Every structure is written in structure tokens, then in C-alpha cells.
């Protein structure tokens, strides 16, 4: 859904250079100076941005080729494949808490930061922006579901501490199944029974199917490679930067990992297409919460040293809870103005302050 | 409001036989094999279903006879008399936690399971279902009140542990008075000042007043007898089944005890009468929370070994809180579609998983 | 916004005598019987009511003179100057917890008690009362922001107990900056970019600018003097009355300190001007939460023995959280009726019961 070609000319020219040179730099560092963890960390993160853009571009092209429900399905399942790849590689390396933190960060980032920026930027140009209330209401409740799925394991854990980690994991796995089934049901709803008559396509197809597939494969491989480097440099880099793993996961990885969504959503909002902005921002949060999270949990059985459960930290739960409440209160009336953008950014700022100051292991 | 005659012919014929033979079976077990606790437990639970249906039928008939505000009052006060009888007998036997659990279970069951099934079943037939937003909003806030009344005692308890159980009970009793007064005010609102001009009657009167009274008395006596057997078999049966008292109260007793509501609400929804479905499902939750709960607390002073307070477990509070948030987010726009039914059922499923896995005493 | 002249004639005549004689009585007590703390406490509280009324009157007059955005700004910044003065003097005397409690009390009091009374009183006369949904929704989200700003420090504190009070204060100060900036943005929104075309003025100007200034200065000095006496008598009076500092702050000081708002909001509601009532009640809560609280925190660095942080008690957070949820659920549809007034008062009553029974230090 997002590609570098959407960037304004100047940023494309120079920003493009920075982003595209990041991958070679990362590879070079890996080979010649693998001890420069912080540089490697940032280079690999920067390199992921354009690769994620290409992944989105390829998905868009394929979705356009197949069209209709299959196209929608492609977008709905591959839309956050970058997060899935980074998450899987980090899980394999044992960074369970960081993966969960980046899931949290993606949810609150897409909901509050991306949609907040979109509402603010769009609101500065348009007095009031309207969007489909039914879709917004459906989305808020989907996100509420993810909060329920975070709170139940936390309460369980606090009541049965130090015994029954096995029971806990079994419960979490079954909860993940419920989340995944609900996500599938929502696809049937959105793509089949309650499909919007003519959803405007935001991409003009210019690639053949085979080229799109090649791009998809290439970008996936690239993202995987860069994620591998990122995960390898993680421990040392966070220590050198003096930031907790939680903060890196929630803010740094999540914000940069969703850079493309930021740009697309803001651009749609400025154009006055608030429905598209909402769908990118909140739709992405829902995908993370109800598709990527269960998939990572299932995957973790196979690839991780210990399986990932759904036990998030108290502060992560609070953060997602407030993000959902905020979006519910702002979106329920089907309109936004710039001040609501400010409010979302203010909630995000306070939450980020909390994550920044929180001691490690919080 | 519910009666066996509403059941589809086949289920009526065979299901009816099962349900109606349950009472004699329970009585027979009590006399000839009182040690078969689990069988007794299920027989008495099954026996309560049709008896509760007759109670509802008798209330409906009487309400129809008196009509208007008095009829409405009858429905509003006798609608959950089954729960009151079971609760009172269980309190007398000292099962305070189980009574509270079944109150919790009735609230979340009626809100999420009953209304969720209704929204799903109705939504499969109708693209969008509409209902009165003002009534829905009023109901959500009534339920929020019950959450406040659960959270305040819990916070109080956590801050003054092991001292002042007397103070705690005094506070809870005064909170119960506030709940009951608010419920009375809502009756004045619904039946008097803001009465709907012509509420369609769902029952066709066929009984005389005296027959209705006789049915009411007979069914009440039957429910009381079966509840007595149920309560007597409870301890042994839950142990044999390996389920916690909390789970039995929240899920088993509550679901079977509200079977009639389930059936009626779903039937209304399929007919497209979503207002009636909402009123049965959520109205029943409100009655449990703001009428039956205070009444049981007051009764417990007279009949229970120790009075019942309003201290619910952490997980019960979380469950009711999420049920209320979900219904508020789904009902505020005055329309549902099938996916919102799925969402409510998903929230219910996750909560039930929590109750199932939670260790006893949680 | 409020003045004694709005009071009904009889109350004005006799109530006025009580209120206006309270200040001389307080001064006399201070000089001749400074040991009569309880009498001094009540005399100074009563004396503040009319002085706050004069402050409001002077602000209104000046706002009328300057008109437009500057007038709106005057009302938005001086509207709760009484609370600021009492708070500053209590902070200087070291009553940090009491100041926080009175901030909490003002927020829940204005939201639930004032707006609840307004909705009830107005609803008894008008079947349904309408108001601007957009403004109500904006206000609910502003209040949600204040809940976020209370919860983040509390979670932080619970996770990093006994270490890092300095870090905590730094975080809280930065959160206060976010709150203040958001408040400023909301002023730009309300007074500039999204100003209502012709807001009816509720005051008829009768004073010259210089007289208004003199009244403003005089009333400010009076409020400051009475607050000084109030703060001096506080410790002994609360001990003598057997009430916790928390209860005195949340209920007694807050209710009496907002007496003028109560009266004005109810009067507007009876007249059918529900927008004005909402704006007085909820607008005042927002001002307390997002303007007065940050200002007091900044001031506390200069004047208090130890700076004030944003760490509220668990019960205060719960209370504000429920107040915000209640107002959000009631106001989102842009209409109220009397039963919603009852619901708000019921939530307030349960919360006050909690504060009353809560042991000190809770």
C-alpha cells in the first residue's frame, strides 16, 4: 500500500539515497566491523524502511491484478509481513519481550501516532473530516478484543504466580485461536458480506504479475536479511544507547517499522480521504493484534527457545487500553478535526514518556 | 417472557420430554440415590429450565392482564425471580462466592452471549439491524453503574486488608441501596415519564388471572424445590467434575439459568425485532445487577451464615467491565450486523477461557 | 461566570447575609479565638463562596469589555482562579495530598455532581435536552487525557517503588507540560479556528473596566486571605471532624469551592440551555485537569516544601476514570434526560461512599 514513489520529489531524491544506501552500509558493517553494533542497528533499521515500501508496492500490484476479494485478502494478510518477519527472527533469537513490546508499539503507534498525525495534518486543511462510522465502530471493538486478550492472561498470571506456566501458555494459545478466528470472520465481513460497493484503488498498476512476484520475493528476502542484522545488533546497541529493551521495542522499532504507514495515512488525510487514512492506521493495528500476534505465538512453538505467551507488562496493557479508548471516543461520531489529532498525539506523548522513564523489566 | 411453546416443534417435542422429565428424575435421585451428586446436579439444573419458562409465561400473562405500567412493573420485578430463588437458597447454604459468581455470569452471559448470539443470528438474515439508541445508551450506563459498584469495594478491600470487614459490609450495603434506588428511578423513567407510545406485546393472552396466579405459585415452588436439590448437590458435583466453584457459577449455572432468555432474544433478532432482543438480553443484565444483587445482599443478613458483601474477585470485575465496554461500543450507534455478534461472542469466549483455567479461589 | 445576583431573591437576601458575614466572622475568629479551628474552617470556606462569585463576575465583565477571543481567553484562564489560589496556599503549607484530593474532587464533582444535577433539574422540565455533540466529544477526550496523566505516574510508581523519586518528578513535570500544551491548543481550537459563530453572552455589562479590575483585585485578595485562614485551620479541623484529609479534599473543599458552578449550571439547564450547562460543568473540569493541575505543579517547585508530583491515590484514579467514562457514555449522543442525571448522581454517590469509608492514607 506504500511505496517510495509516493514521497515528495526532494525527499525522494535525497531521503531515497539515505534509505537505499542503508542496506549496503549494513552489509558492509556486518562484514568489516561487526563490533559497531549501534551503527549496524540503525543502518539495518533504515534499510528496512524502503524494503517495507517495496513489499507494500508488490502486494498492492498483486492485489490489483487479482482484484476484488482476493486482492483484499492479499492486502489484509501481507500488509504487515515486515512485522511478521522481524518478529519471527527476534523470537528465534530469544527476544520474546522485545517482540511483544514491538507489537504493543505498533498498535499504539498506528492508532495514536499515525492516525493522530493524519487527523492533525488533514484537519489543518479541512475544517471537519468525515468517515464511515460503522467501519470505525467495528474497528474500535476489534481493538477492544485485543485488550481483553492482554488483560485476561495478566490477571491469570497475577493470581497464579510461579505455578502453572504450562497452563498459562495453553490458555494463551487458545485465546490466540479465538483472535485469529475473529480476524478471519472480519475478513469475510469486509471482503464478502458487507463489502463497500466501489472502493477506490490507490495504486495504478504498472507491473506484470511475474515482476510483482519477483519484487515480493526479493523484498521479503531483503527484509529478512536486514532483520537478521538488526536482531544480531540489538542487545549491544540498546545497552550502548542506554535505553530499555521495552522502549526500543515500543518506540524505536515500531515507529521506524511503520514509517510507510505514517506517510501514506497522512497523505490520504491531507487529500481529504479520511476513510483511507483510518483504514491504513487502525486497520494495521488490528492486523498486528489479531493476525500477527497469534501467528507469532504459533510460530514461536517451532522456532523460539521458549514459546511466546500473551503476558504483556502492566504498562503495555495500560498503553493499549488507552489507545483503544481514545480511538473509540474520537472515531465514534464519524468525524475528526485537527484538535482531535492533537489529543491523540498528546496521549501518545504521555505514554511514550512513561515508556522512556520506566526502568528495565517494568 | 419465555415459554416452552415458543420452541420449534421438534425441539419442543423431544427437548420438552428431556426437560420435563428432569424434575421427576431429580426428585427420584434425591430419595433413592442421594449420593449421586453429579447426576442430581445436572437433573436439577435441567429441571429449572422449563420451570423458569413457566414462571416467565405466568408473569407475561399477568402483565398482560394488568397492562400498562403495572404490567411493565411485573415484568421488571419478576423477570429474574428464578435467579433470586436459586441465589437465596445458595446463600442460605453458605455458597456466597458461588452466588456472586452466578450474578457475574448472568451479567456477562446476557450481555455478551445472549445479545451476541442474537446479533449474529439476526445479522445472518438482515444486513443491518436497527434499534433505539437512547434506550441502548441508557442501558450501557446502568451497567457501568454496576461496574462502579464492584470496583469501589474491591479498591477499598485492597487498601484496608484484614481490618474493618464490618466497615466494608456497611459500605457495601449503602452502595446496594444506591443501586436499588437507581433501579427504581429507571422504572419510573421507562414505565412512566418516557414510556414508549405503543410497545408491541409479544404474548397472546390465553389464561385467566387466577390460572396465571396458580401457575406463578406452582412454578415458583418448583423452582425453589429444584434449587434446593441443586444447592445440596453442588459441592460434591463440582469436585467430581474438577471445575472450580467460580467456573460453575459464572458459566454452568448462569448459562443454563438464562436458557429461556437466550432462546427468546435470538428468536426476536431473527424476526428483526432487535429492540426486543436488546431489551431481553441487556434488560435482564441490568435487573440482575441493580435489583437481584441488592435484594440478595439485604436477604443475606436474614438467611445467610454470614452476610454477602459486594467484594467480587478481580477476574469477575474485569469480565463485567469488558462486557459493559463491549456493549457500550457496539450499541451506541443503534445498529448491529453479524460481525458485531461475532465480536461479542469472541470477548465472551476469551473471558470463559480465563474462568476455566483460573485456579480455585482466584 | 457566576455571581450572587443570579441567586433567587430569597436565598440572595438571607443566604447572602450568611455568606457575606462569614468573612468578618473568620477574621474575628482568627484574631480572638484562633484555637477554634473547626469554626474557622467553616467560616473561611463559607466566605470563599461569595468572593468566588465576585471573581467570576469581574472576569465576566472584563471578558465582555474585551469581547471575542480575548474575552474567551480571560474566562478560560481566570475561571478557576479560586482553586488556583487555595491550591497554591495549601501547597505552600505542605498539604500536597489535600491539594491533589481537591483537584480530583473538582473534576468528579463538576462532571458528575454539577452536570448530573443540571441534567436532572433540566430533565424534569424538558423531556429531552439537546447539546452540541462535537463539543461534548472533544471534552470527554480532554478528560480522558487527564486520566492517562494520572495512570502513567501510578503505574510507574508501582513498578519502581522507593527508588527514583527524582525521575518520577521529572516525568510528571514533562507530562504536565504536555497537558498544558494540549490545553493551549484547545483554546486555539475553541476561540479561533472552530469558534461558534455567535455565542450568546450570559452577562449584561454594567461595570466600567477600571471598576472590574478593582473588583478582580479585591476579590482575589479576599479569596487569598480566606484561603490562608482555611489552610491554617485545616489539620485541626479535619481531626476534630473525624474525616480523612482525602475526604475533606475530595468532597468538602471541592463541593463548596465549586458552589457557584453548581448554581449556574443548574440554572442554565432549567432554562433549556444545556450547551451552557455542559460548558460550565465539564469545561471547569477540563480547566482544573489541564490548566490548574500543571500550573500548581510548576508553582510547587517555587513555593512548596517538596514539589507536587502527579501521583494520585488508586481510589482517586478510579474515581476520575469512572467520571470520565460516565460522561463519555452519557454525552456522546448529544442529548440527556432526567434519568441520565440520576445515573451521574448515583455514580457520584457510590464514589463518595468510597471516599468516606476509606481509611486515611488510602
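Each chain gets a letter, A, B and C, in the order it is written, and its residues are counted from 1.
We adopt the following convention: a contact is a pair of C-beta atoms (placed from the backbone, for glycine too) under 8 Å apart; a residue touches a chain by one contact, two chains touch by 3 or more.
Every value quoted in this text rests on a predicted model; they were computed, and no experiment measured them.
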Angular offset of chain B relative to chain C [C-alpha, multiple of 5 degrees]: 120
Interface sides of chain A and chain C: same vs different residues, half threshold: different
Geometric centre distance via CA averages, chain C-chain A, whole Å: 41
Per-residue overlap in chain C, given as positions that touch at least 2 other chains: 332
Sites on chain A touched by chain C in the complex: 127, 314-315, 318, 322, 325-326, 329-330, 332-333, 335, 337-340, 342-343, 346-347, 349-351, 353-354, 356-359, 362
Complex contact set, residues of chain C against chain A: 133-134, 137-138, 140-142, 144-145, 147-149, 151-152, 155-156, 158-160, 163-164, 167-168, 170-171, 174-175, 178-179, 181-182, 185-186, 189, 193-194, 328, 332
